[in-house]
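Per-chain residue numbering starts at 1, and chain names A, B, C and D are given in the order in which the chains are listed.
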Amino acid sequence: MAIYLLNDYGAAAHPAVISAITDLGDREYAGYGMDELSAEAASTIKGLTGRPDADVHFLIGGTGANLTALAAFLRSTEAVISPSEGHINVHESGAIEASGHKILTVPTVNGKAAAADVREMAKLHTDEHTVIPRLVFISQSTEYGTVYTLDELRGFREVCDELGLYFYLDGARLGYAIAAEPEASFKAIAELTDAFYIGGTKNGLLMGEAMVISNDALKKGFRNSMKQRGSLLAKGFLIGAQFSAILKDGLYIGLADHANKMANLLTSELKAIGVEFALDGMTNQIFPVVPTAVKDRLEMDILLIHWGKYAEGLETLRLTTTWQTTEETVAAVVDIFKAALG
Amino acid sequence: MAIYLLNDYGAAAHPAVISAITDLGDREYAGYGMDELSAEAASTIKGLTGRPDADVHFLIGGTGANLTALAAFLRSTEAVISPSEGHINVHESGAIEASGHKILTVPTVNGKAAAADVREMAKLHTDEHTVIPRLVFISQSTEYGTVYTLDELRGFREVCDELGLYFYLDGARLGYAIAAEPEASFKAIAELTDAFYIGGTKNGLLMGEAMVISNDALKKGFRNSMKQRGSLLAKGFLIGAQFSAILKDGLYIGLADHANKMANLLTSELKAIGVEFALDGMTNQIFPVVPTAVKDRLEMDILLIHWGKYAEGLETLRLTTTWQTTEETVAAVVDIFKAALG
Amino acid sequence: MAIYLLNDYGAAAHPAVISAITDLGDREYAGYGMDELSAEAASTIKGLTGRPDADVHFLIGGTGANLTALAAFLRSTEAVISPSEGHINVHESGAIEASGHKILTVPTVNGKAAAADVREMAKLHTDEHTVIPRLVFISQSTEYGTVYTLDELRGFREVCDELGLYFYLDGARLGYAIAAEPEASFKAIAELTDAFYIGGTKNGLLMGEAMVISNDALKKGFRNSMKQRGSLLAKGFLIGAQFSAILKDGLYIGLADHANKMANLLTSELKAIGVEFALDGMTNQIFPVVPTAVKDRLEMDILLIHWGKYAEGLETLRLTTTWQTTEETVAAVVDIFKAALG
Amino acid sequence: MAIYLLNDYGAAAHPAVISAITDLGDREYAGYGMDELSAEAASTIKGLTGRPDADVHFLIGGTGANLTALAAFLRSTEAVISPSEGHINVHESGAIEASGHKILTVPTVNGKAAAADVREMAKLHTDEHTVIPRLVFISQSTEYGTVYTLDELRGFREVCDELGLYFYLDGARLGYAIAAEPEASFKAIAELTDAFYIGGTKNGLLMGEAMVISNDALKKGFRNSMKQRGSLLAKGFLIGAQFSAILKDGLYIGLADHANKMANLLTSELKAIGVEFALDGMTNQIFPVVPTAVKDRLEMDILLIHWGKYAEGLETLRLTTTWQTTEETVAAVVDIFKAALG
């Protein structure tokens, strides 16, 4: 059977999360996230982020989280500034535009945007013939597995303060980022952003994302927006229970850290046999470059993503590790590469 | 501890559904509902509905299902005709309007609208100063636990054919309706509507609703609409697995039938001790009427919904049974009523 | 040729307005309303309304004015409370919903809503399953030619203050209202509302409506909203020039007052010959009731609106006077009624 | 007084258009464009375009025309492909996104996009995580005064046919384009596009744009969309009268041709004194390049647009001619350049 390095949401959930679900038994819970399990998870998150004053909400998936938040935060003439490869710009089927808001894009290097480009883009929009830039969107880690440093995050905050913008962070893969760059911690991110979410789906949960809103101006009516956008799960306690489980004993960061380590190990072993990489990542997504024929052979034994053409005759691949990836997996993948490379 | 008759989504899921989740183990599945479990569930549904040609999609919750469908089906100037008490009109926080569509309402009796009123409402809208009525929305069973008969459903179909409208049915509680009114079967509903959904959340699933689209004109681009509206679960196999489990051996209708029977039993026993009802339901929601002071006493021992004032000094309550309700529950509730009524 | 009492926007414009256009000559003006003529008209309006601090914007038509304002003022989960017969609810082809907002309706008597009903409707919306009522919409004069008294307007203001709602007034026919009820003056309305517009199209202009925004919280980004909604005329000076002309020497109220007088004269003369009226108006729209056969005869000689069935065999008509209606017109209409009534 | 070359919508209207307005006198006309003058203008346009089967509608302004059309034509998951510098993408304050649709951009050379890039962009969007490209938007002439040749227009049509896209043309400055490139005639454009509009505002009208819809699938409900988007002028006969006047005796193309000739004359005379141009236009917008200090001097005597920095120390200017520009204007401008260049 092929080895699964396709993505980090292929399996149901970590055993601790499954236990949290089965432990629910036949008891009834308050609906729509008003239950004690959600309250407990929210309390844990307020502790982790050092923001007892934050509002914490549990949403179902990443696209829903982004569209619920941005629709709630923005007025009709206001726009988002996003990296050109930001998830909202390319992989959410126009969800932000469907809620009425233009996305202005800034260029990226290895998936990361620069604060200076955000400033320049915002400053281009000065009259009533254009939209009003109002919110900066980034993903941490990015869609390329790269991670913004604490200094880079501070750079975005400064631009936002300077120009009156909100700073919003899509943390679908936040665990991987914090494991790789511990300085850019939950606390630091909660301090620097106006709102962000802690992704569950891509790090061991069945589903669920935890939105943390620090800016008071963005708190009002958020649950109405959740309901309006289909993001308010009737059995919200399911998400509360899962987050309570995964946030216990450092499990959330621990799982991500393991995945990162497996990705790093795989990277170094592949480099040792001469494989080049399209970019240097630090988290659970890695991007080896191989000749086209090698790609074809690899795809027979490894489930991966063909990311695109790297150069004439060369292909970029994406391999993704998870909490399930083992050293044995890594060794097997290296063997497959060796065989494919001839 | 108080007896839970608050709603039909208070507990996690039926044991067979929980087993379906735990049976997933650590295996990986294709994402976004492209997995074999979802395919199997879709195939079962095509069989049940007698529509091998239908498109079946698995969505997460009721509000998301309705807004995804209506946003996909309607053009920007087109409107929905809904019973005034339809879920989309009063309990979805303006989700349909947020996707750009006006809801025109027709009056109800016990939660049910009449085809004649739909015809009249549609015919009022004839020029460019008004919206273009294009889709008829009903819930089966209704928000009042009542059920449209097969003849009534045919009446809506006739009006829709006559006026070029789509007929869409919200089946959040469809199991309860079919158990109560078997003539209005999956097959009949699939034949009479252009699209409808089979509700999972309110009948034993953790979450999940199965959309069945019979009308070819409504099929194209539906998965894009799901993604755009946050209704495409990354781990869609979770919903596929649950539906596969609940649709096995008639469990879905069986659970609903049990809940209906408990509701009927409770109704007859309460009537026997002199309790009156605001309306005669057939499904798992019942609406006893009691003096205000009695309501207060009941609420100490039963979790229920205070539906509103019935008349001076009299209150309507809503009690909801589920697959978990037992004859012992019913007996205990009757005892509590007796005590409260003095 | 039939006498024209169909509506108040059948003719191009008052001669003073036409002169204002021809006087523009071949000179160039700043675009998008940034010209000196618009500035002059805005200054006049600030004087008339006693609000030197207001923002005044010139928009093209009534539907555009309403949708531009409400889209600018409301967040995505916020809703409008409107009389059931409010123009935005029945005659703007779902423009408000198309911009994402639900309209909650309150009942009317002769086209007028009651503040108490607004309060009750707002108070029904308390949880996240519903929209958040945020703005009260009324028309002055109403779609039935009736006029809210100063006390009634104060009643709406009180409810709005009590519940944190904006109060918005559609003044498509504001001139007629002020002429009929001078106490509810420009100044009073500017003081009581958060925003309102002074209608030009229906009182002597080619086109144009003047939005007056008193509430500072609603001012920001309004020109962006105008551009976004297609309400920012490239040659905005055309509207500025027209308002400058019509607001000179009391012409705006004078024209409306004349129309009201003609309507009152016609009403009293028709009453004198035994015609009954569906309601007692004070402005330029009147609603006589006649037998069906009489209606058919009248329609051969008078262009009017058949408003609907009044009772079995009786029809309500709408006759609208304008600044062009003369005493001769009135006399001729009375003769036609006499002949038709036999 | 400074010479006005700022844009082509600075003056009220051509005398023939003003006469058409004053000729309306005090007569009443049917509302909302259902009048005989609009019918006459529509009939003329059907003749000019060789499309007796087309639907012709009169809208107020360019942004309104674009948003009304695209909102009417597209379903909620469908997107527009536009040149990156297309008017809808940069100068309409997010109007298209506010109606729910993403704009995908392709690169431009001198404001013109290439059909091959449209094909490539469309083909990138193949799964449900992306929007569905559905309509190609171009402007003729472009925002840079350049004109697509008949062959280029055919290229877009081919891509559209190949991929099932609509082809929509924004003709805000269509007169200038046809005057410059007569082969790409009204008839050719009506044959190649699914819908386009003939711009009035920027070529001699007070306001008004004539939408021509050839594709039957796009005709239904268009007037509702006009009303919903605030684009249905109550006194629609004002636009009908203006188009009737400007389309008489070839005046519409004649005015544009004159403006083009003045632009060409100015270009050749400026080139003769050594001025370089950022691009070679053919219509009424020209883009000379001058040192920064020269720009500052020119701006004292000419109203023009500073288009941006051309290179270090060099600025691109935009000068726009109109039907009002004379040979004397050209000579005066040349003198001012000579003096400024020293």
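Keep in mind that, in the parts below, a residue touches a chain if its C-beta (ideal position, glycine included) is under 8 Å from a C-beta of that chain, and two chains touch if they have at least 3 such contacts.
Note that the structure is predicted; figures quoted are calculated from it, not measured.
Participant: Hey, how far apart are subunit A and subunit D in touch steps, shortest way?
Facilitator: 1
Participant: Please determine the option from A-B, B-C or A-C whose contacts repeat those of A-D, over half of the contact pairs being identical by residue number.
Facilitator: It is B-C that reproduces the contact pattern of A-D.
Participant: Would you mind telling me which chain pair, B-C or C-D, is linked by more contacting C-beta pairs?
Facilitator: It is C-D, judged by the count of C-beta pairs in contact.
Participant: Tell me, please, which chain's centre (mean of its C-alpha atoms) is farthest from the centre of subunit D?
Facilitator: If we average the C-alpha coordinates per chain, B ends up farthest from subunit D.
Participant: Indicate the whole-number Å distance between the mean C-alpha point of subunit C and the mean C-alpha point of subunit D.
Facilitator: Once rounded, the distance between the two centres reads 33 Å.
Participant: How many angstrom between the C-alpha centroids of subunit D and subunit B?
Facilitator: Those two chain centres are 50 Å apart.
Participant: Can you give the whole-Å distance between the Cα centres of subunit B and subunit C?
Facilitator: Each chain's C-alpha centroid was found; their separation is 42 Å.
Participant: For subunit C, which residues are shared contacts with two or more other chains?
Facilitator: Each of 71, 76-77, 92-94, 98-100, 128-131, 224-225, 227-228, 232 in subunit C touches at least two other chains.
Participant: Would you tell me which residues of subunit A are touching subunit C in their complex?
Facilitator: Touching subunit C: residues 32, 71-72, 75-78, 99-100, 128-132, 221, 223-228, 232 of subunit A.
Participant: For a test of understanding, state which residues of subunit D touch subunit C in their complex under the given definition.
Facilitator: 4, 6-7, 9-12, 18, 21-22, 24-29, 31, 60-65, 67-68, 71, 92-95, 98-99, 201-202, 206-207, 224-225, 227-235, 237-238, 303, 324
Participant: Report the residues of subunit A in contact with subunit D in the complex, numbered from low to high.
Facilitator: Interface residues on subunit A, with respect to subunit D: 76-77, 79, 90-94, 97-103, 128-131.
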